[in-house]
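So, here's a batch of structures to check.
The following pair of complexes shares a single chain, subunit A, combined with subunit B in the former and subunit C in the latter.
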Partner chain A sequence: MDYFLNLVNTIGIHTLLGLSAYILLLTGQLSLAQAGFFAVGAYTAAVLTVILGWGILPAIGLAMLITGLLAFLVGFPALRVRGLMLVVATLAFGEFVRMFFYNFRWRVTQEGVEVGPDGTMGFSEIRYFAEHGWTSWEVTSLIWVFVILVMAIIWWADQTRSGAVLRAVGEDELAAGTVGIDVTVVKMAAMTAGGVIAGLAGSLYAHQITMLDHHAFTVLLATFAIAYPILGGVSNVFGTLVAVIFIQGLLVEGLRFLGDWRMLLFGALIIVVMNVKPRGLFDSQTLRWIKSVLRLHLSRRIS
Partner chain B sequence: MDDFWFEFVEVTQSIGDGVLFGSTYALIGIGFTLIFGAMGKLNVAYAAAAMAGAYSSLAIYILFDAPLVVIFIVSAICAAILGYLVYLTCFRFIPVHNHLAALMASVGGLFFIDEVIVHATRGSPLAFPSMFSEAYFEVGPYGIRGDLLFVFFIGLISTGVLLYVLFRTRLGLATRAVAQQDVAARLCGMSIHLTNSTTFAVAGLLGGIAGAMTAAAVGILSPVMILPLTIKGLIVTVIGGLGSIPGAIIAGLFVGGFENVVMYFRGIDERDMYVVALLFIFLVFRPNGLFGKTITRD
Partner chain C sequence: MLEVKSLSKHFGGVQAVRELDLAVNAGDIFGVIGPNGSGKSTLVNLISGVFPATTGEIHFQGQSLSNLSPHARVRAGVARTFQNIRLFPGLTVWQNLWVARNSTEDTRAEGISFRWFRKSGPVKNEIDAMLEFSGLADKGDELASNLAFGEQRRLELARAAATKPRLLLLDEPAAGMNQEEVRDLGRRIRELRQQGMTIILIEHVMELVMGITDRIVVLNFGSKIAEGEPAAIRKDKSVQEAYLGQSEDG
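And now, the complex of A and B:
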């Protein structure tokens, strides 16, 4: 059962990570920095609960605030360049964060035990849930409350004007600019929101996994983050969730018997999907097809 | 005073070594820039293909006991073939204006090549034969490592050949024409796909040489070298200005020198961190790089 719950947790956390890239993707930006924000959120929240003894919710809150601020600061120079250059900048930022935590040491002694991040050795003993007697069910519930909350907010925002503005910038920056949308402000807002969500995902991840290691935050994680919304398509938030379930549930867990060859499949899968469906698996074309099939099915049953 | 003099010699020595090694970054940067110039797209899998070329040359060197000189040629050819394959799988059939899809596909290509290498070598580093490593020249208080000098000259020669091909042959003319205006080039009867795939193959040739150079200068070949080489190549491309070959050369040598200075003062653990920070300084103050044209729309 714990194995199953862990998988559910992973899916929840990766959905949040995917959604953080999803918002940016709506504005047409491809960011490989999400793994970096994820790492910052994870380390910040873990330092707050382990070293400073904060509660989990304030720690998550502050971690989200800090990653949001960081995303804002990074977005400022990074968004001066567009499209492909942004990819390079964010890729570099992600590596910068990883190398920063590779060198990051802050050890304190608590009750005779040394805790805290220890550079290359990682940051172990993040035992907030265990110390406060949380059951696995409660942890999973906490994670999924956040997932559902974030999905609902993005879903709702997508129905309002802000969603239309984001998509307008994504479709054509120049056209969006001519109808009076401040493109830079929109992109900065998306970047910041993406950072906040990635920070949330990271802080949940840190406490669920209880052990942070800089190896977990490589470009692979960043690629996962953008692969979810790209494979799932940016039509709506559920595409991301489906893609996470597909990749984490089926590809990573379901094909465990293949061993490391799964990662080979991951690379090949991205290439194949991009060739066959450059706008994502669940693009408007596919959705129309699914809807028509459903309608046909329903009308048959009625008649 | 003596202390200062000693320090000065040490620092300039490490800058010099770094600049010599930076020729590998310059070559990788030129490859990225060539492909960007021709198609306006980033091929993230490029450095991975370059290292894969180095791996295949090492395999042939071990299997057939080939002479050392062959290594660079084999590596170049293998990387060129790989470059062409990357073009076929990640760029050829993806709509021209969908930059992000092509980019994403090449990221997939990067992981695919990376994983294949990890599997083939079980992730462990392999010894790579270095040339002239016993040669050592002393110039005043400085010493110049023979293998680094050799690597530098190989880089110089390949850049020269590339510039010749680009500016003195019909192939180069076609490449530059497609880069400038692909519609007009097509109207003149040039095949876009043929030109693009040749560009990828030529960039692959350079990459293969750069991969073998990196391995020869470091002395080992390891899968963990792929990602740093990719990132540094991209940084060099951005600092030099996307699409600018002289920019890539200068930025490559500069990054090589810079990272060695950082390593001298801060140690190897923090080296790459500062190289990345350098990129951000450029993004803030000179987002178009040293020689880049102002990009109005991409």
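And now, the complex of A and C:
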């Protein structure tokens, strides 16, 4: 059961991570910084609960605030470049964060035990849930409340004029400027929102996994983050969720017997999807097809 | 209303626009013609801020546009269309017009209001009127990329008009249109003028330019070679040499 719940937790956390990249992708920005924001969120929230003894919700809140602020600051220089240069710049940021935590040491003694991040040794014993008697079910519920909340907010935003403005910038920056949209402001807003969501994902991850290690925040995680919305398509948030279930549930867990060869499939999958369905697995065309099939099925049942 | 003073633009060694002076009166439909490569589109890009001028000044209603970014120029009241249509292809026709409403006071509240609430109210009325104006009343929920070429041109014109500009720059809006569509376009442009917009029309289709403009400027190699009313321009010798003769043959 715990194995199953852990998988559900991972899917939830990775969905949040994917959604943080989804928002940026809407505005046409490909960011490899999301793993970095994820790491900052994870370490910040863990330091708050373990060393400073904060409750889980305030810790998550402050972690989100800090990663949002960081994303805002990183966004200024990063968004001056676009396309491939943005990928390189954000990749560099991600590695910078990882190497920071590789060297980050802040040990304190609590009740005779030394706790806190320990550089290369990682940050273990993040035992907030265990110490406060949370059951596995409660942890999973907490994660998924956040997932559903974030999905609902993004879905709702997409129905508003602001959502249309985000997409307009992603479609054609020059045209967006010439209808009066401040492209820089829109991109900064997307970057900040993406940072906040990645920070949320990271702070949940830290407490669910109970042990942080810089190896978890490599470029592979950053690639996962952008792979989900690319595979799922940006026509709606559910595509990202489906892509996470597909990759984490089927590829990573389902094919565990293949060992590290699975990662080969992951790369191949992205190449195949980009060639066959350049707008993602769940582009508007596919969605229309699914809807028409469902409608046909329903009408047959009725008649 | 619009004053351009000794405006120049160099691309490397190429002088696309050189020492150009222009004055456009409020309420005019102002034509800009000239052979290919004479700097007409560059002029539109300079006024709309797509790229900066090398030297020279652009004043709009007494305000200098030189240091304003493209979106700030739109908010100051200058909108444009593109020679090669640039819609938001993945957005619906409705959304294309919706995002262009930036300079209005109610956009702030609109920013977070739900799509389904837009089924009534002043925003809907206004956008519906724009759809009606462009003959796309029944296509509001179509993706812009699914529109026919002529419809895309009409949508782009409506999108520019939706920013509620004082000055509208049209970069070859009749390119690729048949005669009937050109006449139709002429009617729409006049209607926009009646709504209070000043229009700068860059065009190769002489029928349209001669038919609806109040004044015409002729460019050649980035410089002004003639300016005047359509009838005078038609008779001008230097213009015929540079442009009209050549165009009517081809």
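Methods note: the second predicted complex is superposed on the first by the 303 of 303 C-alpha atoms of A that agree within 3 Å, B and C clash if a C-alpha of one lies under 4 Å from a C-alpha of the other, contacts with A are read in each partner's own complex, and residues count from 1 in each chain.
The working rule: a residue touches a chain if its C-beta (ideal position, glycine included) is under 8 Å from a C-beta of that chain, and two chains touch if they have at least 3 such contacts.
Treat the numbers as computed from the prediction; the structure is a model and nothing was measured.
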Partner chain in contact with A:D182 - subunit B first, subunit C second, else both or neither: second
Counting touched residues of subunit A, say whether subunit B or subunit C comes out ahead. B
With the two complexes superposed on chain A, say which partner A:P77 touches: subunit B (first), subunit C (second), both, or neither. first
Looking at the overlay, what does A:G55 touch: subunit B (first), subunit C (second), both, or neither? neither
After lining up the shared chain so the two structures overlap, which partner does A:L174 touch, if you call subunit B first and subunit C second: first, second, both or neither? both
Touch check for A:G254: first (subunit B), second (subunit C), both, or neither? neither
So, A:V88: does it touch subunit B (first), subunit C (second), both, or neither? first
If I apply the document's touch criterion, which positions on subunit A are contacted by subunit B in one structure and by subunit C in the other? 174
Of all residues in subunit C, those that touch subunit A in their complex: 48-50, 69-72, 74-75, 79-80, 82, 86-91, 95-96, 98-103, 107, 110-116, 143, 159-160, 162-163
Please name which positions on subunit B make contact with subunit A in the complex. 36, 41-42, 44, 89-90, 93-95, 98-105, 107-116, 118-119, 227, 231, 234-235, 237-238, 242, 269-270, 272-273, 276-277, 279-280, 283-284, 287, 295, 297-298
Applying the document's contact rule, which stretches of subunit A touch subunit C when the two form their complex? 156-157, 159-162, 164-165, 167-168, 171-172, 174-183, 284
Counting only contacts in the complex, subunit A reaches subunit B at residues 28, 30, 77-78, 80-85, 87-89, 91-93, 95-96, 99-100, 102-103, 174, 218-220, 223, 226-227, 230, 260-261, 263-264, 266-271, 274-275, 278-279
